[in-house]
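Worksheet: one structure, shown below.
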Amino acid sequence: MILEINGLTKNFGGLTAVSGIDIKVNDGEVLGLIGPNGAGKSTFFNLITGVIPPTKGKIIFKGKDITGKRPHEIAELGIGRTFQLNPLFPNFTVLQNVISSFQIRPRSNWLDTFFNTPVYRKNEAYILEQSLEILNLVGLYKVKDELAKNQPHGYQKMLGVARALAIKPSLLLLDEPIAGMNPDEIDNTIEAIKRTSQRGVTIILVEHNMKILEICNRVVVINFGQKIVEGSPQEIKENPEVIRAYLGSGHDTKH
Amino acid sequence: MGSMIAARDSSSRRKNYTQIILYGILICFLLFIPLFFQSPYVLHLFILTLVYIIAAASMRFIMTSGQIPLAHAAFLGLGAYVSAVLSKHVGLSPWLSLFIAAFVAMGVGIFISFPFARLKAFYYAMVSLFFGVGLLQAIESLGKLTGGLAGITAIPTLFNTASKVPYYYCFLALTLVSLVILYRFEVSRIGWNLKAIDQSYLVSSSVGISEVKYRVLAVAIGCFFVGLAGGMYANYNVTLSPSSFDSSVTLWMIIYVTIGGMNNFSGPIIGTAVLFLIPQYFSGLKQYAPFISAAILFLVIFMFRNGLVCIPGLLMAFYKRKKSTSKSR
Amino acid sequence: MAESTILLIVATIVNALVLSSMYILLALGFTFLFNIMGILNFAHGVIYMIGAYICFYMATVVGINQWLALLISVAVVGLFGIFMERFIFRPFFGNINSIIVVCIGLITVLVNAVAISQPYNVQVTPAFVQGILKVGIVSLSWQRIVFFLIGVSLLILVLLFINKTKQGLQMRAVAQDLEGAILQGINVHFVSALACVIACALAATAGSLMGSYLSLTPYMGNDIMIKVLEILVLGGIGSINGVLFAGLIVGTLDAVLPIWLSGTATQAIMMLIIIVILLFKPQGLFGKEVRA
């Protein structure tokens, strides 16, 4: 078990965005997290990665309690993530986005960095090579020298994934990775996610699009901040409660 | 960072050489300035320009991390007063007090930036503005040491001579060294991380960049150099008064940076040189002189949105376009 | 309680109310510009100063009735607002450094122009209202009461305008979601110009009145700009409730602290208070938290 979450709760003033969620994530699995708009999925990610502190509850990653740690410390422990909106550094090129995301392994100390020593240059050369490889994986190699902000929406989202991969995560949290993509880009991204998973990275992904459920080993459904069911993708698709949650919310589920 | 530079396209190497040659010519020119301009007043202006160049460049360095340090002139004052007090009242050598001043400014900068690192954009700018006002007030209220509102006089100088030439060369060297250090920081991974935080602190923290650490680092480095500039100013100028460091001076520093070009390392250097020296030429106009500065501001900001540094690029583009149209005919 | 103490307390309360209402008028205009155009108009203080001098000039040199002078000042400065929107704010939409530069250019020009043209550094506009109100032992000048009432009624008018009229609704729509507003066919330039006119008119009103309440100097705008910035940081930039609340606090402190402290010490204490509050509430008292 790589991640264990006990009774995670977050109140925003009067609103309980996440309420008492328990989830266990096994090593190497792809876990889908679905739920209608405003269900608390992004908040759940923000809690795990320390962007906002939880009101109550515990988050245990690889046997260590990481509740209340700062986002950069959590990144260092090996949890990578993407954001639903604005997933990148707009004024860097695509390649610079990925290079900037290599902060942890390898890391040069300040003296090496300042004096541009061989150690630093070796590290940077390695980072460049790795970055190009990641861009190949997500299919952005061809636009590597263009500014990130000038890229179409789908590319920006993929770049978000590329950035998250740069920290060499053992757990990857993807917030709506294929929302707003065209079918080609969707296939591309799903392929990249599959390959990442094959390398042994555990993945939790939030998505409205049912298509992506096919690559999940397990799916958890939340609504109003609470876990309502969990099971295999097949079970979830047929579960009446899930259908009600989606239809009841009055939102298009973007099938 | 190294890989960032490698990531640029191949034409950059040739550009690098032309740049080096241009910088060489510029530095030679700067070395000969005392021969061209013998008037002590003109040399005085050049010396002050060098001091403000360090101040503006260090301010821009902090600004690359997305923080607008509106206490920067107060930190210039802090450096100046610390160096003045140490060399006058404690009796330290001005050369030593100069560097102690830089470290004191850095220490105060670090001390405030831990709590201030919680504040974003506008709030940081305003709180640092208020802090700057308070810092200057504190300096002023230590009347015994600092002479209060009237200021401090008879500060020991760096050189035992009335000539300004040694100051010019000494400050030129200090300025060049400071700029080289700031430049090394900027093009290294540290500089890129500062720019990353500026663009999105959420994204940068999600890849392991500690927002607080880098924001504090930016302020520490920036304040060190502005403290150094302050010390240089004090031990050159002999007298100090608080009004030389109030918030309007900070605003002028922002103008130097912006008019020169915020997105370019040489922006504050060019901005300071142009905006500090040109209005001095018109100082004979007395109370009408500020209008010259304002006119320059409007002219530059409306014509060159990205500052004076973008002029060569614009000229180049214009030239290329002209060439291509004449070819196609 | 001694008679003099009661007099002091009443005078201080009235002073606090007048100062607060004038500060709020200015800060409200600044907030409009920020919410609708994303502009930090650092020249707002100078607009206030110009408003004050136009009114002063009309009332003393030209010699017309003060109230007429006030209206002329508001009209002229309001028109200047349209000019500012078109030629100063619109070209630099969203570029804070450039806005600072342009505002400082504007401040330099206007302050120096006034300083050169006005041989005396400190002047006072003749009183708008004569007479003294006596209630028991307490006596208050009618002018103060009238200024406070003007401030409050303008405030209510503006709040009614943005909450009840069609144009006000459009302004709020633009403030909330610029792109959405454009898609809905709202004329963003018109709305921005309207916001500018209102902001400038409010500033001119406050300036004209303060020219008689305190005095006129070419630098009066810089001092009040600091007050406005204090209110905005304290209340949380962009929040109208924040402006009202922080305006009252800053105005009150400004009336109370000088009883014991010197002017510069008052300023320093006020800034210290604000810094400390900000360290606990990094977005000000009513500011919106940055969403993740």
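Each chain gets a letter, A, B and C, in the order it is written, and its residues are counted from 1.
Convention: a residue touches a chain if its C-beta (ideal position, glycine included) is under 8 Å from a C-beta of that chain, and two chains touch if they have at least 3 such contacts.
Note that the coordinates shown come from a computational prediction; the quantities given were computed from them, not determined experimentally.
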{"item": "Most central chain, judged by mean C-alpha position against the global CA mean", "value": "B"}
{"item": "Greatest separation from chain A - chain, by CA centre", "value": "C"}
{"item": "Interchain centroid distance [CA atoms averaged], chain A/chain B, Å", "value": "41"}
{"item": "Cα-centroid distance, chain A relative to chain C, in whole angstrom", "value": "46"}
{"item": "Centre distance in Å when chain B and chain C are each reduced to the mean of their C-alpha atoms", "value": "33"}
{"item": "Junction residues of chain A, two or more chains touched", "value": "51"}
{"item": "For chain C, residues contacting two or more additional chains", "value": "292"}
{"item": "Interface hub residues of chain B, defined as touching at least two other chains", "value": "202"}
{"item": "Residues of chain A defined as touching chain B within the complex", "value": "49, 51, 70-72, 75-76, 80-81, 83, 86-93, 95-96, 99-104, 108, 110, 113-116, 120-121, 124-125, 127-128, 131, 144-145, 163-164, 166-167"}
{"item": "Of all residues in chain B, those that touch chain C in their complex", "value": "68, 115-116, 118-120, 122-123, 126-127, 129-131, 133-134, 137, 140, 202, 251-252, 254-255, 257-259, 262, 287-288, 290-291, 293-294, 297-298, 301-302, 305"}
{"item": "Of all residues in chain B, those that touch chain A in their complex", "value": "1-4, 6-9, 184-185, 188-190, 192-193, 195-196, 199-200, 202-211"}
{"item": "Footprint of chain B on chain C - complex, ascending", "value": "40, 91-92, 95-98, 100-102, 104-106, 108-109, 112, 115-116, 229-230, 232-233, 237, 264-265, 267-268, 271-272, 274-275, 278-279, 282-284, 287, 290, 292"}
